[in-house]
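Below, subunit A partners subunit B and then partners subunit C, in two separate complexes.
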Partner chain A sequence: MSLTDTAPQARRRDLRIPLAAILVVAALAAPFIGTRYVTHSLIIALIFMLPAHGLNLLVGYTGLLSLAQAAFFGIGAYTAGLLAVHYDTPFYVNLLAAGLVSGLLALPLGIPALRLRATSFVMCTLGFVIIGQAIAKNWISVTRGDMGLSGIPKPYFELGPLSFTVTGTTSFYYLALAVAALGTLAAWAIVRSPAGRNMVAIRENETLAESLGVPTWRYKLIVFMISAAFAGVGGSLYAHYLTVVSPLTFQMYYSTTMLIIVLGGGAGMISGTVFGSLLFVGLTEALRVAPEVRMIAYGFCLLVLVFWFKKGFAPLINRFWNAIGGSK
Partner chain B sequence: MNAHLPILEIKNLSKSYGAVKAVNDVSMHINRGEIAGLIGPNGSGKSTFFDCSTGLARPDTGKVVLDGQDITGWSLNRIAREGRMLRSFQKTVTFKALDVEENLIIAGQMFTFPTLASTFGLGKLSRSRIAALRERARELIKMAGLWDVRHQPAGNLSGGQQKLIQFASMLMPEPKLILLDEPMAGINPKIIERVVDTIQYANKSLGVSFLVIEHNIDVVTSICQRVVVLDQGAKLVEGLPHDIIQDQRVREAYLGG
Partner chain C sequence: MFSTLLEQVVNGIVTGSVYAIVAVGMTMIFGVLRAINFAHGEYYMLGTFGAWFATDYLGLSYEASIVVGVLSTVVVAYVVGQLVMRRMVGAPAESGVLATLGVALILQNTVIFVFGGGYKFFSGGYIEPVSILGFTLAEQRIIILVVCLLVFVGLELMVTYSRLGMAMRAVSQNVECCGVVGIDVPQVVLRTFVLGAALAALSGVLTAPVNVSVYGGMGELITFKTLPIIIMGGLGNVRGTFVAAMILGIAESLVATYIGLQYRDTVGFATLILMLMWRPHGLFSTQARF
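Take a look at the complex of A and B:
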């Protein structure tokens, strides 16, 4: 490299901080920039980001392909819905309960399921969604069957003397943004911890990890539970946003959507899941205005993904991020 | 623990796969600070014996005593973590997508963090533990001659280099005993020398005992103090390396008697 090559590089600015600032401002200003429908689409994307983060921990980091995410999403939605309808509990109680119930239910489900290998495990997790739907349909005294739970109140907070209800779409957007941001932070903290390194070790070579003292079975079970808890939290937001939950919350389509978010965004990268949620959910929601081409456009997106971005969009984001990073 | 007791004692170990008796009533021990060899023709049960001793497979009968503690039936990860007995695999394995340094840090983590829950920590204590592991990893990387490639994904390196990564990984937790399954298979002579050097360094300076399965007879005679020969799942003979290679029964076993 000659001097003329390096000279301008040395003066290149690190654009990452300004860009991050712009993204934060854009996220905060979004409801005022776009239409109400755009805000709605973003809310759905933010809600799906949570189960997707959970799934990314499982698929992207630990290497376990699961289709159970919609089941835990549904369990969370029903938990929050039932609590809100029957006990009128504040939003954060419902959210925590939804995460807790989904996470804890993942324990008895994970113990037999995780004993299975590769494809059998996938089929088993698919079964959880179907069983979940059957229970929601038939346990009528609790779930009201196909009628679903309706009249779930808008999220309300009770913080000491202060209490308020999140009513409008715009305020719900900020609530979803806050929860999704916290979820992203939590996922980031998990993968950055030594446990995150062990998860990657299990994905890369389970027997080798085991031989180096990593209790792989316990890690897989814990990650399965954490991933379910993420889905449950997402489900509680979903219930409060739509104010209705029905057995259709347990549907395969949701599990595959979450999987597409993770794989399309870039498995094993937090930023990939964030980007994937916005792209795949936000896009399909936004395309509802043109129902004739909606699924075609969605399908086209998947084709582009399969042919040109086998590892999802995350490597691209990474390269861009590093490119604007300036010279060290 | 008692200093004159063997570090590992295996008593009457048997393992069958269907009608095949892969290992049939084999007993052996490894003395503290020793490098012992385990040889035998292909299919003589060496690997099964290894798997049963290290928790990868469950023996049908028999007992494995590590440093005075009965570890029969323990899982592979528990034997590694609590027993500090580590093993390698015949086929070289590394975490291919991760760089050399990360490979070694993973190898040390479960020995540094006291509980599984503590591995989820991101605080000061957690960071200082990882920093200490990184330092140790770098020392071992230097020793293994991998300094220049330490930030490269393990999968990009040659088979011999990956062997060295695997070896260095096993030294991360300050093991008592290492079981090596054909450490020299498929690597070039220059790396063989380096592996031999590192085994001897680990044995002399770090006090690690070894059990080595190896086909390269020159290596066996140069590093092992004692050799056990398996044939058709049973112990054939045991003795000094030089006596073993002269032994008529051993020759017959290898030549397909």
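Take a look at the complex of A and C:
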């Protein structure tokens, strides 16, 4: 091509802003488009999005593979449930308390755990889930054991003279959407900050990061606590949505679901986690059409994910996002 | 009082032997593959189901059912090994977790799909009690102890002297160098994996007469019991695994008797976390190997 050849190429238009607008409208209109069951599935996806964001900060950005997320999810659920049942506190108090308690408990648990490397760390974090379940089962005076906490009231708000209760599925959807959107923004703010870049530095090469003056130990501990706080907030939504919390909230299956969301969506990418929670919660719900082979099919999906989509769906999302960005 | 204690310790050693045979396979697989096999307990379950099928449907003797249980598991493990485990060489830790979890879900739920989710009664085995040195033990428990010792002596010899054993040690030290000197790494991984699965199945068949009930979800419990053992024993360490399994078996038995049965299944991970605070690299390693 010669330099004088200036024939104008057809410029493609940047479709990213219109697409984002369509997605926002779709998110807001979802309860009116789909059936009640679809709305329910979306709520579950939004609830799991929060612990998944926390896990993404840990696995995707700091490079620490943890299975403890279900433990902090359960702690958050029990905190919110106990507060709501015994003290009848408004929803936002329960939500903040759940986040705080989970985040603070992550400090004494994280100190011994983060001294461990790789596989030992994974097993130690899995241990938190198993032990959490045993405590929830056996500390009967507080948790009511296997019966679980039931009759958790629907979330209610008290803002000055105004007070209202979130009752229906549709209104709970908007509540979950708001919390999940705030959580996504928070996660995005963290990874875009200088701290986020330091986290990536730890993931890429911890020794190098340390030698460049990044306080790696403090970073890992704080990220562990933040990820626990995210899980706790998700747990409070879960408790209020299902109105029951049982020791089975502490199960490895939940931890792995969150891990599947993060890795499937694409670790180290906020939009990947958002996409992942919709996709994998959608997948589990969709597989309910064939309940007998549901878990078998889910297992095959995991293998497909691991061997054919090694980086999750992140590369696909990126390519799509760039393709609709128009020509520069 | 003292005799109860001693009896519980002996029971613990038997339980420990069961765990040891399962865990040693898991730790060897970790050694060559650097991946935690979350599906390992499912081979224990498969072995038990194979034996139950042989005695209950085919009317075979218990001895024959051992062969059926182990062989059917070997076939399944070979297929899984070819399709999944071989591809995991050099894959990151998180893909290993997801892939083996996927395998666990498939195996467990296929068995539930085919045979139903309910409890089955295992009728074979030698459950007559015998008296030795003042102890009363079921014959089957003695068989378990003896087999466990034989398995460990055999493995020790195999790992030290046989070609596969040497290749396994080489792969667990440096995968790349093995490729350079012409060791077929995926083949070693496959063989180690099938051997480990066969041991888990053997453990399952041996325990079935003692546990009596057989059900699809039983493998998961065993996986959760063996995970802390292999970490405590030091990953890839055969002797360490044996000691850790005995410690856990005895600890579980004592906790169940003196503290409460409901805490039994938590003992493993609680012990593990306490031990990791004290020795972060396992009981017998002075520095991190993996």
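Quick note on the criterion: the second predicted complex is superposed on the first by the 310 of 328 C-alpha atoms of A that agree within 3 Å, B and C clash if a C-alpha of one lies under 4 Å from a C-alpha of the other, contacts with A are read in each partner's own complex, and residues count from 1 in each chain.
Note that a residue touches a chain if its C-beta (ideal position, glycine included) is under 8 Å from a C-beta of that chain, and two chains touch if they have at least 3 such contacts.
This structure is a prediction, so every number in the text was calculated from the model and none was measured.
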{"item": "First (subunit B), second (subunit C), both or neither touched by A:P161", "value": "neither"}
{"item": "First (subunit B), second (subunit C), both or neither touched by A:S120", "value": "second"}
{"item": "If touched residues of subunit A are counted for subunit B and for subunit C, the larger one", "value": "C"}
{"item": "Which superposed partner A:P108 touches (first subunit B, second subunit C, both, neither)", "value": "neither"}
{"item": "Partner chain(s) touched by A:M295 [first = subunit B, second = subunit C, both, neither]", "value": "second"}
{"item": "First, second, both or neither for A:I190, with subunit B first and subunit C second", "value": "first"}
{"item": "Touched partner set for A:G151, first subunit B, second subunit C, both or neither", "value": "neither"}
{"item": "Partner chain(s) touched by A:L259 [first = subunit B, second = subunit C, both, neither]", "value": "second"}
{"item": "Partner chain in contact with A:G213 - subunit B first, subunit C second, else both or neither", "value": "first"}
{"item": "Shared contact residues on subunit A - subunit B and subunit C", "value": "none"}
{"item": "Touch list for subunit A against partner subunit C, complex", "value": "59, 65, 67, 112, 115-120, 122-124, 126-127, 130-131, 134, 137-138, 256, 259-260, 263, 267, 292-296, 298-303, 305-307, 310"}
{"item": "Residue numbers on subunit B that touch subunit A, as the complex places them", "value": "54, 56, 75-78, 80-81, 86-87, 89, 93-98, 102, 105-107, 109-111, 113, 116, 119-122, 126, 129-130, 169-170, 172-173"}
{"item": "Sites on subunit A touched by subunit B in the complex", "value": "189-190, 192-195, 197-198, 200-201, 204-205, 207-216, 218-219, 222"}
{"item": "Contact footprint of subunit A on subunit C as seen in their complex", "value": "30, 36, 84, 87, 91, 93-95, 97-99, 101-106, 108-110, 113, 224, 227-228, 231, 235, 260, 262-263, 265-266, 268-270, 272-273, 276-277, 280-282, 288, 290"}
